[in-house]
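To start, the structure itself, in structure tokens.
Chain lettering (A, B, C and D) follows the sequence in which the chains are written, and residue indices restart at 1 in each chain.
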């Protein structure tokens, strides 16, 4: 779960990492008030979950409360990277002497937390050459020790008080990372401002699998309506832009199914991993989800392990009887209780395929002929 | 540094380990007040740092405030194991269904914290056979996890709610052990009282080397006056009951010196490890300490490594000139700046020995002839 | 022979009294796995499918040598259960549990590495040394003895390929599921090293996915292997930036792309199948 | 040969700009130790006795291969410095610092064990492979090459015995100080195992102390050794229950008594000297 910038900054504050003074507003009038309180030039920042706001015009500067009001009313009218702006952060404009980059993330290959830092932070961090990026793994049993931030400071060229403050920010950021089950905490830029370190931005992503034990965090919904339905059913669902609705069981199998459809020239409408042991009711709901994508054909590819083929067959028939399925269904069904599943389908006039490739080719043929 | 029981119990409370209600008192009148507040039978416990108070009569029971007053006045008059009682803990008398033993200490061989537990806690824990004692090491990088307390619960035969409470007590006790730099935390007995776990005693020893970072702990002074002087000088000093005052450098060397003196039939008056690099002033003060033990002879055994022989010689001469040394001095001096040290001594009429055994034999001879 | 587990491996099931634990204990026993005990706090004295249940792992270890443990506990209890098994000195730990928080996974893998425990998973289907021992959840019928070592991340995709192999007369020495989460105990390279040494394994199949760079790392080792390797990488058609179920299956920037992985594997001498069923054909070629 | 360190060992000094660090860097260089760098945060660019100073251990490691590090930092900084060395992959860490909190010591030793770093100390005089390399603080002049391997806990007591050996023509292969604190990295057994394998070591001296049961554990290994062992145990005359400087030198209940240790050693075939200077005589006997 990604947090909005202002939520990330609230977290930073609670972990004693300095952020610019400011507040979140939802209308231009409030913005003027906040600017007045701050009593100087302010920055107006759209709160959306996508990056590259600056380039899209989602960040404005204002020297007076009136200007702040004007800027906020402009930003609130914007749609950035497909996200409508509904909240805006108004905060003091800080002096920028140097922009650092600092992030902690999970490195799957090393199986450890990874610190990424650079003395060339700011908007173009992706373009900074490797030799200006410092990467250091953290032993999770040990945590962040002063020596580690001394080493990073050295590589970044930080000295004196800034280096000491950097140790504080890194230590606290790691504490946040650990205590809040973050997958990513990122400060870009971490600004050196009159000799002090200030987190001018905040990107925090929380591990979805840890949300049940992170109850005091704000809740942010990123999914589309249909993805949310799938998520609530415990299914992994991603919308795509094709016309073959796809259900398979297992993430790798689902990807393999998309690949096979693409190989035969088809365009999947979605990725849907029905997982293992979803049962008949869950499978029926998954099929209903597929119908919402308005496809030309439905392709079901099941290799029954925990999943039982008879459950899948019954689910399909149930949906068909209950609400009708207006498009052709191509189904491949092997594995646990295969015979029973095939029998149920046959009784209802559906012939199941034995191999993924035959079935995929058929589904693509139907979809392409329907155009 | 050992803490008094009441200090240990205050710590337990702050770590959410239940202790009997009670308060510390220093006069019988207060005791009656506390007993009145508690409103039932109370226990009166002398606060001294030695064990076996119960056997020495340092623990009394009282059914009324008057009895409590009487008991406290008795206990305050006592000297237990050489410790004069000046503080008494008055607390509720709890129902005892079962007495457990639970301790966490540092295991030097395994190099890890060690949990020691028994279902046969109480006064005679030293006599409980090994098969009724559960010992479990803790991986310090991991800490105490529920599985560990489940395993200990199983071995102790605890079940249900008591087993869950035991997990809580163990987890919190380990937290205390770690956060307070304890060498030992011991609860004996940990009482099962009406289905609840209550720490009826508290023994907590804090690592002396960690006291500088444990500033919020109470300060307890256990040393004799002369040991305290030595400690303040950075020297390790232990009073013994012989008549040969001994100074050596290094703990092993100091012990070896005592052993050698004993071998020749001598009785050391003390153990004094002058350490390494104490310098002339420190060495002079160490020699003055030796004089306070009122010995028959002073034996100085120096193998100069960091310690410089000329410093030792100068220190000895300085003390001799400044205040006189009323007893013979036998000195063995080898190592760093040996020639210079021997020359200084010779100028002042003292002949240094080359080997420990010759010197020790001589010191014993002098001491024994002086009787 | 086979790798990691064989017909002598004594296995315990942590979480044996849950429905998954019960079901798969039965399936593992059917397969011939020596399931010698189960652990479920507070349930000691019970039996599941004739297997004795203990309160703790130590209690099980007091009775018999335990070589491996498999976790069917829920995600919230997984770290405690894994630490319990590792602390008890069990050398193979198979973690079926999915949705374990990633910080817990990092801690488990770190502690296991320190103690010398091989962790298969988390979020894995398990490991099968065909005909000898199955630890995990794959359907029994497809796994028959033979010369192919297989390592993959996804369960059903692996079953798909294994069943295709078996249908074409190619049995397996050992099939290992690394697990679908971003953090996994054993890596491709760990498994490839073991297959390279295992004299029963004549050829190796690697079933990868887009995202991360595990396949690129594996390629470096494949370059040094004497045994032929056939690979399939899922996710060729996945759009960038979208998570596809597995945490691993996400492409960020230029890292972990399908093309990058295929090129690395081919440069290392592996044959790469475009679709899952082609793996069998390529294997037949390299085994000739 | 010798154990743990030799004439090729590249050494860095952590805390090189302190007075102890400076003094002993000079002494080690005199002895012939290859001190190739020092670490002192914020002091990079300086030199101590011609040795370059770096801000961090990593900075030193970027310049040259570092085989060992010796710590002269204060007790409060020791854990951080030790973790820095271990994290950097340095395989021998000698911790001279005394008064390190025991919890920090447990953490250091645990992390080192996990990473495969050999820790000598804390609160040790160090280690000397005579004539080749000295890491630590013993006076240079007494350590000459020869056939005796020596392991002890206390500095001056060890110097006493070494000087007596040297005076009688018995040089040393390696002399190791385990350190005087309750927690030590390497144990007697670790060192005895290395001496047993080292072909330059013909006989071994163990200098123990009352308290703990390290000497009892060592006895079990001595029983299996082919090389002769001579031991001296300090503290025969120490009264029970009193701490004698070293945390180890405390006798609790029946554990760690002088008699218990001597009996264990003798039962294992070691010769036990009653007084320090007798060690030389006993060695002469066993080396004949």
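In the analysis below, contacts are C-beta pairs under 8 Å (C-beta built on N, C-alpha and C of every residue); 3 or more make two chains touch, one makes a residue touch a chain.
Because the structure is predicted, anything quoted here is derived from the model rather than measured.
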Pair sharing more residue contacts (C-beta pairs) when B-D is set against B-C: B-D
Furthest chain, CA centroid comparison against subunit A: B
Chain centre separation (subunit B, subunit D; CA means) in Å: 27
Distance between chain centroids, defined by C-alpha means - subunit B, subunit C (Å): 53
Mean-CA-position distance for subunit B and subunit A (Å): 57
Centre-of-Cα separation between subunit D and subunit C, whole angstrom: 45
For subunit C, residues contacting two or more additional chains: 107, 111, 113-114
Contacts with 2+ other chains: residues of subunit A: 139, 141-142
Subunit B contact footprint on subunit A (complex, rising order): 141-142
Complex contacts: residues of subunit A adjacent to subunit D: 139, 141-142, 145-148, 150-151, 154, 159
Subunit D - residues contacting subunit B, complex: 75-76, 99-103, 106-107, 109-111, 113-114, 125, 137-139, 152-160, 163, 180, 182-184, 187, 207, 209-210, 212-214, 217, 232, 234-239, 242-249, 253, 274-277
Contact footprint of subunit B on subunit C as seen in their complex: 41-42, 44, 55-59, 79-81, 83-84, 87, 107, 111, 114
Of all residues in subunit A, those that touch subunit C in their complex: 106, 108-109, 111-113, 126, 139-141, 178, 181, 183, 207, 209-210, 212-213, 236, 238, 240, 248-256, 258-263, 268, 271, 273, 276, 303-306, 334-336, 355-357
